[in-house]
Structures are given as C-alpha cells and as structure tokens.
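Each of the next two complexes has chain A plus one other chain: chain B in the first, chain C in the second.
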Partner chain A sequence: MSSENNPSRVRSGLGSSDFRTNLAFRHLKGRMFYLLCLFGSLVGILLLVTLINDIRQDGFSYMSKHFFTNFPSRKPEIAGFHGAIMGTLWVMGIVAITSFPIGVGAALYLEEYAKRNKLTSLIQTNISNLAGVPSIVFGILGLQLFVRGTIGYGPAICIGEQCGFGRSVMSGALTLTLLILPIVIVAAQEAIKSVPPSIREASYGVGATKWQTVSSHVLPQAMPGIMTGMILALSRAIGETAPIIMIGALTFVAFRPEGPLDPFTAMPIQVLNWISRPQAAFHDLAATGIVVLLVTLLTMNTIAVLIRVKLGRSSSR
Partner chain B sequence: MSYESRPVSARYRQNLRNNLGGRLIGILLFLCASVTVVTTIGIVAILCIEGFSFFAEVSPIEFFTGTKWTPLFTSKGFGVLPLISGTLLIGLGAACVALPLGTLTAIYLSEYATPKIRSVLKPMVEVLSGIPTVVYGYFALTFVSPFIKEYLYPEAGPYMAISAIIVVGIMIVPIVASISDDALRAVPRELREAAYGVGSSRLEVTTRVAFPAALSGIIASYILAISRAIGETMAVTVAAGARPNLTANPLEAVQTMTAYIVSVSLGDTPHGTIEFKTIFAVGLTLFFMTLVMNVISSRITKRFREVYD
Partner chain C sequence: MNQKKLERNRLSLVTASTIPLRWFSLLGIIAVLVMATVACGGDSASSSGSDSASSNLSGGIAIDGSSTVYPITEAVAEEFQIAHPDTRVTVGVSGTGGGFTKFCTGETDISDASRPIKDKEVAMCAENNIKFIELRVGLDGLAVVKNKANNYLDDLTMEQLAIVWGPDSEEVIMKWNQVDASFPAEDIDLYGPGTDSGTFDFFTEEVNGEGGASRGDYTPSEDDNVLVTGLAGNKHSMGYFGFAYYAENMDKLGVVKIDGVAPSNETVGDGSYPLSRPLYIYVSVKSLQEQEQVREFVNYYLSDEGIAMVTEVGYSNVPADELAGTRATLASAIAGN
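So, the complex of A and B:
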C-alpha cells in the first residue's frame, strides 16, 4: 500500500487536524485490509477444494465391489481394501471400548470428585501437555510398552513365549487409546461442566449420594456432549498413521484379523503403502482408499453434528 | 449407568451406614485420571532409558554437533543436525505459510464476518485440521510437487521440502485461526468502542487496539502451530523424501526427525542394536523440542487469561 501518491499525506505533519482530510485514504486502506483478510481466509478453503478435487479425479477409477472385498495385490486391477477396512474396524472397536470408560471416568473425577489441590492441577496440566505430544512419540511408547511388554529396563511382561501383545490389533488399539484420551477427557469435562449446578443440588436435596447424583443426573445430561467428543476423537484416531506404523502394522496383509492378538493393517497404512509405490495405478488405488477414508470421517462428523443439534434442542426445552 | 438395581431407599440407607461404595468409586475414577499421568511417565521413562543407553555408546557431543547422519550405513555418522535442520526447515517454512493465513483468517472471522458467514467459514477452516495427514501427503506428492516441477522449478526431484512445507502449513492454519480468533474475541468490547468513539476506522481498531490486546494469545497460537508442524509425520514422510540433508534450500529433499523414525520402523533394523536405539535418541530430542514449545505456549495463554477474564 503506497502512500506517496496521496496528496493528503503531505499535510500529515499537522498532526490530528488531518484526521478528516485523510478520511478517504483511511477508508481505502480499510477496504484493502478487508479484502486482504477475506483473501487470506479463502486461501485455505481454496486449497481444501483443490485437494478434494484432486482426490475426486482419481478416486473413483478403482471404486467397485472388488475394492471392498479383495485383499491387496501386486496387480492394481484386483487389489482391494478389505483387510484394511476390517483392521480399522477391529482397532476402532477396541479403542472405543477402552477410551470411553477411562476418558469419562477421568473427566468425572476431575470435575466432580477431585479436590482443588496441586495434584488435580498437575493432572490437568499433564492432560493438556499430553495432547501436544507428537503422535509418533506415542508410537514409540506403544512399540515398547504394548508390543514388547517392557519399558526397556527390567523384565518384560510375558505370558509363556509371548511378551507384550506383539504387533497386533491390541497393541495398535491401546496405543491409539492413549493418544486420544486427552481429547476424550477434555470433551467430557466440557460436557460435564455444562450441566447446571441446580440439577446436582436438586438431587442432593432429595438425599441422593454423590454417585447417585453423578450417575443418574449429571452423566445422562452430559451424555450427548460426551458422545460428540468421543466420535470426534475416534475420527482423529482413524486417520492416525504414524503411531500404528511404529507398532508395526503390516503394510501388506492378505488376511483379515480374527482376534485382538492378530496382526493387521489399517486404512491409512494401506493408503500409505499404495502412495509409496512408483506406478501411477497404485496412486489411483490410494486415491480410492482415501475416498473411503474421507467418507467414513465425514459420516462420523455428521453424526457428531446431529447429536450436537439434538442436544441443543433438548436443552432448550 | 446404575450399578445396583435395589430400591432407592435401600440404597440410601446402606450408603448412610457405610459409604464404602462411594469411596471405592472415587478411587476408581481417580485411577482413570491417573492413566494420563502414567502415560507421560511411560513416555519419558522409555525415551530416557533407551536414549541414555544410546548416549552411552555415542557421545552427546557427537550427536548434537555432528553434521553427518548415516546410522544405517557401514560408515556410521551420528550427527543429528541434518535431521534437526530438516525439521526446522519444514516447521519454520510451514509457519511462513500458516501464520499470515491463519492471522488474516482470525481477523476476518472475529472483526469482519457476519455471524452467518462466520458459522459457515469457521467449520470449513477447521475441516483442514480434521483431514488425515496421509491424505495431505498424497496431495503433496500427486498435486503440489508436480505443479511446482512443471511451472516453477523443473530441475526438482520427485521429493522436495517445499511441497511438504505448503501442505503442513495449510494443515496448521486452523490452529492459528481458531486460537487467535478466540483471543481476538476475548478482547473486551469497551476497548473497541472507546477507539471507535475517538474516530478510529475499523482497520485502526483492529490493528492498533484489538490485535495488540490479543497479541499474547495470538503468539501462543503461533508457537503451538509450529510445535504441531515439527511433530507432523506422514505428510513429511511422503512428500519431503528420505535423505538427511543439512540445507536451507526448500527445493531439495530433506528428512525430518519424524520421517527418520518412521523409516527405521518400516525397515528391518533388529531391536536392541545401536541403529535401532537412534529412534529413541531422536524421539527424545523431538519430545523435548515440542514440550518446551507447548509449555511456553500454555504459559503465555495463562498470563493472557489473567488480564482479561
């Protein structure tokens, strides 16, 4: 924005008296700044559209029934996503089962039970710091703790020949559970905080104990918010690649896991495997996998939004 | 989630006599909360135990000052600087993309957008952070890199730092935009109205009143975003290449700390060897870099909260 060619600028030595004479220029500057901000916020959206368009162009070339029923193959025409979809389902099932009770329990403790002391604030600070730890570091944790059953010092936890959970669905799921726990806890805390204190007081007033109050009044009221947070956390876990690569999810799996201790692959891992091959056909397969991944995420986010909308309606009653 | 099915009155009497159940539940919930603390202790313990056993064999001086990172070759070099430079190149480069865009977005959202536009634009911007990073990797490799090669720099190889910088930058825009937007909206209305009252234009109110008042929150968002970029793994692994490279040239291929850790775990390096232990030493370095940035960021945020709440 050059100001040399503006005549009013010359008189700016007069101090505040040029306030009005400068007005047109100040308005022009304001207009330009507005456009700059608008442009800045549209760049991100524009790239999002480009990205989706890029994927849409290649993402349907291999979309067929085979893609969902076949296992990966060296021949792109018959390669499929089945193992990856089943692997992701297995992992996400266990992540949901483990992270829900632990996350809600921790949130209940922090909001309803904990005294306001140093220990509580330490736990709270720790949760927010944990949320900022790079996911690959969680992968290193999972690799030692769950895959090998040791922290690197002292004996490993073994059952017979098997130490830890090996490179299995269980190791992947527990690693992802620890990764999303901070998100689940913070979301559940927000939901519990938003339950009005009057409800608790009414419950105590008729003689209910703390747990009766929490379990039959606070939790049901907070449940929609908790579910929304839970779904968003799970959708984060579905896309996580780095930690499950670390624990050794296989990139070529021609079988589906039958139990929690089986080896597995997951959707993002299979996509990565296809991306890292040089042939363009595999890149198209990767794009097809990405479409499946994104549609899954979109569905989950829509469900989360629907729950939130329903929550808004029920609380206004 | 009722754990008993007896009538309320019976439960009530029993609880009055002896609140053992209530206390037990309290303990159980405390154990849930302590899982997060145990996780942190586990991370630090694992990184330190294996990391220190690495430093018993390789001197930390060689590790932090060496310029050759070839632990998997026969002539081993254990200088982590090429990985750190690759990480910083991507992290700071992504900051150059994300900080201006994120700040402009935040200013637009908080100062200019009508509630209706805001309610559409904000979720759309936040979608950017919900897309899996491996998808960004695909986009970088199949769209951004070929684009740069074709129109801007034909000599480039298939892998280049710049395309990772662009996608990681876009990925962290929502962090800057969201937190800065919150910070700007937390600036009391009275400050803005006072400025309008003495005849300021909207631009002047934004840049000379709202922005400086929200500055600590905005800076906190910057640090958090850079820390996120440094810890980013998949887009960088896919797009930036796998060559440890001590360079500041974004058109070359580089390897970041995260990409190195992934490349070792994808390979077949046997556990317990010095080659494998490098991932713990690199992981430890990465963990502390991001931890320091996150702590600084949350300190700044806390101080900023004290001023305006």
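So, the complex of A and C:
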C-alpha cells in the first residue's frame, strides 16, 4: 500500500494534500464495496436463518416416529408424511437414473464430438433457453406427452387400455427429468470444459482412441463437477410443485407406490395441502413437512460438496 | 526415458479408470438400497394387508376435483382404506373444473365439486359417453367476518352487503356511514378471496347477482390465513371466506349476521342462512355398476358413518329427508335405472 512509488498516481500530477483526500476516498470506496459484498452474502444466510427460525417454532411439534410411518389423515395427530416421502424417493430415483445418462451424453456430444457449426450453436442456445422456461410449462408438456401419451397429433400411444404412463410415478419422473436436463447438461459441459486439453493430447499421444480418451480420462476428471451439478439439479427437482400438480400427482394416497406405474404424491404437494387447511394443527404439520424437506435438501447439497472435495482430490493425483 | 513416460501414462490410465468404476459401484449400491426399501415396503404392505383384511375388496378408486370438498372425501377415503386395505383410493385437488375435465374423459371414477356441473361439462361427458349421478353430500357456509372489537357490524341485509361489495361501489362507498347512517364515519377496509377462487364466484353470484362482479379495491388473497391476519389488525374491516376458517379463528374474529341469521352448522344445513352452498360428488354410473370397490366406497360415503365426516371436517350436513333422497338416487343408479 505504499503510495509514493505508484507510478500512475505520480503521473496524475495531483498535489500532496489533494492526493491524501483522494486516497481516503478511495479507501472509503473500497470499504463500501467490501460492505456491499458482505451484505450480499449475508442476505442469503439471513434468509435461511429467518426461515429456519420461523419453522423451528412449530416445525417440531409433530416430529415423531409415526410422522414418518403414517399416511395422511383428517386427524392431525395421526397424520403422517410416509406416502409423500416414498413418492418423492421413487420419483427422484427415476429422475436420477434417466437424467444422468441423457444429460452427460448430451454434454459429451456437444463438448467432445460435435463440430463447431451453426447447428451446434443452435442446439447450445436452445439448451440455455430451456433452462429458463417456467416449470409449469414442463408440466403441461409432461401431461400431454407422458400422462396421455400423445405428441399433439395423431392417436395416443396405447398398450391395451393404458395410454401413455397415466398419472404415475413414471410420468412425474420423466417430466422432472425434462425440467432439470438443461441444468445437468450445462453443468456437465462446464465440468468437461475444465478438463485441460493437455490430458486429451497426452492420451492421443500414446495412441488411445477417442472412446478410450473420453471414457478413461475426460469423464473421470470431469466427474466431480458432473456429480455436483447433478445433485444440485436433483435438489431443484425435489422441491418442484407446479409441474407435478399439473401432471396430476395426487394429494391423498394412503399406500406406497410399488412400481413406476403406480399413482403417487410428493413432499411439496402434501405440504401445500396441509398449509391450505383452516386448522392451525395442519399448519404445524406443514411446518414439520418443510423441516423434513429442508433436511433432505441440505443433505443432498452436503453430499454434493463432499463429492467435489473427495473426488476432486483423488482425480488430481 | 520414453519407457518411463509410457509407464507413467499407463499408470495414470489405471488410476483414472478406477474412478468411474467406483462411481458405478456407488450408483449400484444406491440402486440396491432403493430397491430394498421398495421391496421391504411391498412386503410389509402385503403382510399388513393379509393380517387385517376384513374383506377381499381390491382395485383402484380414482377421485379428483374441488379442494373445498377434498377434506370430506379424504376423511371418507381414510376410513375406507383402513377397512379395505387392498383397495387403492387416490384423491386429487385439481379444482372443480379441472376435476370435471378428467371425469368426463373417463380418467376418474368420482369427481368432487363445489358447484353443480355446467352445461358444457355435461356436453363433454355426453361426447365421451360418460353417464353420471349427482350426489349432494354437504353444505358449506360463507362467513362474513369482522374484527372482534367491532361493535356496530352485527347484522347486515343482503342489500347492504351488495352496497359494500358491488362493482359500482368502487371508489364511491368508502365510509361505513354510507352503508347505514347509524354506522360511524370510518374508512371501509375489505378483505376477500382472489378472483380465481370458487368462493369468490359464489359470493359475487349470491350477493351482487352476477358471478365475478365485485368491487376491486379490496385486499385479495388466495391464502385465507392472510385474510384472517388482515381482519384481526383493523377494527373497521370486513371480509368473507369459508365458515370453517371462521370456526378456527373465533378468538380473533367476529361474525356478521346476514338478514338476522348467524352461520352455524344448523342454519347452514337447513338453508336458513343465505350464504350456504351445496357440495357434491359426481359418480360415473359405469364405474358404479362394474366396479365393486367404487360401489362400496360410495355406499360408505353416504352411510351414517361416512356422512358424519362432513361435520367432523367443518362443514354442515344436508337435512335428513334430502339425504334419504340422495341415497335413493344412488340405489337406483346401482340397480341400473
């Protein structure tokens, strides 16, 4: 911070008294910018603290074993979250299984295989735009495509009496897959881009084929970033309410889904239903549900961080 | 030198390729865990089913529709599911209109409704050859509510309500003494549901004579709990919402009598309270005749035990003679007339 030997200051030709006031102002500016940044990062934390404090007050009054094992009920004291938890688990499991290969495949194609031409940049722009489409629009698409099995023209795709997947776990999962695919693709692309070209060149240099290079070097190196993006995308999907209400996830389901074609409910839907009841006891149940949802989310985000730390270390060896 | 480099490359190939393997094994473990949970779930469900099975009734019953009727149907479904563990009752809340869209395309067996079916919905059902019966299961009163501390808004006539809420009153009727000379010259502060709600449609239809016709300068919210908070904060406020919300907030709010009648389970039920609306379930005749579980469910819904749920969740029962008529409608539909 020695100002005397700063050439730009000398060149500006300011008198020494001017110079000092100017310096104080610059320090003030720097300080203000620092405070602005601090404020920016505190807003998020303060919001989280307020939220936790808000739900803490009534969020634990119904936290008990049977909250996790019972099905919804008109009596708040025996109502449980079990159907919603199982429904969410089923849906998220299928979302993970379907979005991972499709998302990573698309990212690999765009980064490693596609030629840099107009078509590629068109696809790229579309993927970025899809990430900004409101989730309810994906719900409408899912209703048509997966629930009813039509593409808007021609007859529905039916097997016997069953057209499309109906209002099932499968429809919900595929709709949410569409919703998070753009996020997964962009995250995976960023991760693949961050793999240094020297690694690819070295691999080609020892005679490896493209497939060997991608599968043994690029993908493993990019995996921490891909998994982080994947888990963050999943934690967005887990809280989505609008698209799955649109495709017809139900509110009262007093049984576990036992296959991908069973009807289901999900955690945010159950919370929404409880919060719109007149009785205060149901609002407390909703708060308890929110705590469970929040803990699930935080756990998923923690796993994402752990993966990044752990895999990042092992692959840089 | 070259040899060494190659060696190192091969080494890094090996270490690198173990990473995806590890990841795939982790994915595998997760998949196995998920399947195990599901399998366990299946096991315990079927065992508890066979343990307590009091009947061999099985199959699905798909219900959707009004969120107002939902609590009744949920309560009935809950009890029915306990008595018949192998059946699978599902209840959705797509709203009355959304429910009829699904009902009339044959996607659901039963539709909850907080208003009678509209002509265009009847036409849609007819187009898809869906025959149905309409069953009135209960009544929902709309409470006109005020601040607990308010001592002059005791009793309003329907005409006075129309003066307060009419579309022409916007920016005109702003003080309570414009409604009635005996009221103080205080600012009117109004709260009500948003324009998308069925409650809004019903209230405007009954009070202003036209569905959707209302003054716009009031505080709307889809969340009735927000309305409760607003009303509790201003002594000269007034608002309206479902009677069940008033019943839960009697400590904070007072109720306004309409034409001298205060809402209660009795006055809403017998129709003497003017702002009460009927709640319906619509049942597909085909499902009723062909599927035993749907037949049993609707029979249970209208049984004494089932219909008792209406008051338990905060609505009012239809009068006994009307219930007898509803039961007769159901019986004749099952018999195939």
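Methods note: the second predicted complex is superposed on the first by the 262 of 317 C-alpha atoms of A that agree within 3 Å, B and C clash if a C-alpha of one lies under 4 Å from a C-alpha of the other, contacts with A are read in each partner's own complex, and residues count from 1 in each chain.
Methods note: a residue touches a chain if its C-beta (ideal position, glycine included) is under 8 Å from a C-beta of that chain, and two chains touch if they have at least 3 such contacts.
Just so it is clear, the model here is predicted, and its values are computed rather than measured.
Three-chain overlay on chain A, with chain B and chain C in a clash. More residues of chain A are touched by B (comparison of chain B with chain C).
When the two complexes are overlaid on their common chain A, residue A:Pro72 makes contact with chain C while staying clear of chain B.
Using the contact criterion defined above for the overlaid structures, shared-chain residue A:Ser276 touches chain B and also reaches chain C. Residue contacts after overlaying the shared chain place A:Leu89 against chain C, while chain B stays out of touching range. In the superposed model, A:Phe39 makes contact with chain B only, not with chain C.
Look at A:Ser64: by the touch rule set out above, it reaches neither chain B nor chain C. By the touch criterion defined above, A:Ser194 reaches neither chain B nor chain C.
By the document's definition of touching, neither partner reaches A:Ser121: not chain B, not chain C. In the superposition on chain A, A:Val253 contacts chain C only, with no contact to chain B. The clashing stretch of chain C relative to chain B, chosen from 24-32, 42-50 or 96-104, is 96-104 in the chain A superposition.
Comparing the two complexes, residues 208, 215-216, 219, 248, 251, 276, 283 of chain A contact chain B in one case and chain C in the other. Contacts from chain B toward chain A in the complex involve residues 1-3, 8, 11-12, 15, 19, 21-22, 25-26, 28-37, 39-40, 42-43, 45-47, 49-50, 53, 100-101, 103-105, 107-109, 111-112, 121, 124-125, 127-128, 130-139, 141-143, 170, 173-174, 177, 199, 201-204, 206-207, 224, 227-228, 230-234, 238, 258, 261-262, 265-266, 271, 279-280, 283, 286-287, 290-291, 294-295, 298. Contact residues on chain A toward chain B in their complex (touch as defined above): 19, 26-27, 29-30, 33-34, 36-41, 43-45, 47-48, 50-51, 54-55, 58, 101-106, 108-110, 113-114, 122-123, 125-130, 132-141, 143-145, 148, 151-153, 178, 181-182, 185, 207-212, 215-216, 219, 235-236, 238-242, 245-246, 248, 251, 268, 271-272, 275-276, 283, 286-287, 290, 293-294, 297, 301. Taken together, the chain C residues at the contact with chain A in this complex read 6, 9, 13, 15-17, 19-20, 23, 31, 34, 37-38, 41-42, 45, 60, 62, 64, 67, 70-71, 73-75, 77-78, 81, 88-94, 102, 107, 223-225, 242, 244-245, 247-249, 309, 312-314. Across the interface of their complex, chain C is touched by residues 71-74, 86, 89-90, 93, 97, 167, 202, 206, 208, 215-217, 219-221, 223, 227, 248-256, 258, 263, 273, 276-280, 283, 311, 314-315, 317 of chain A.
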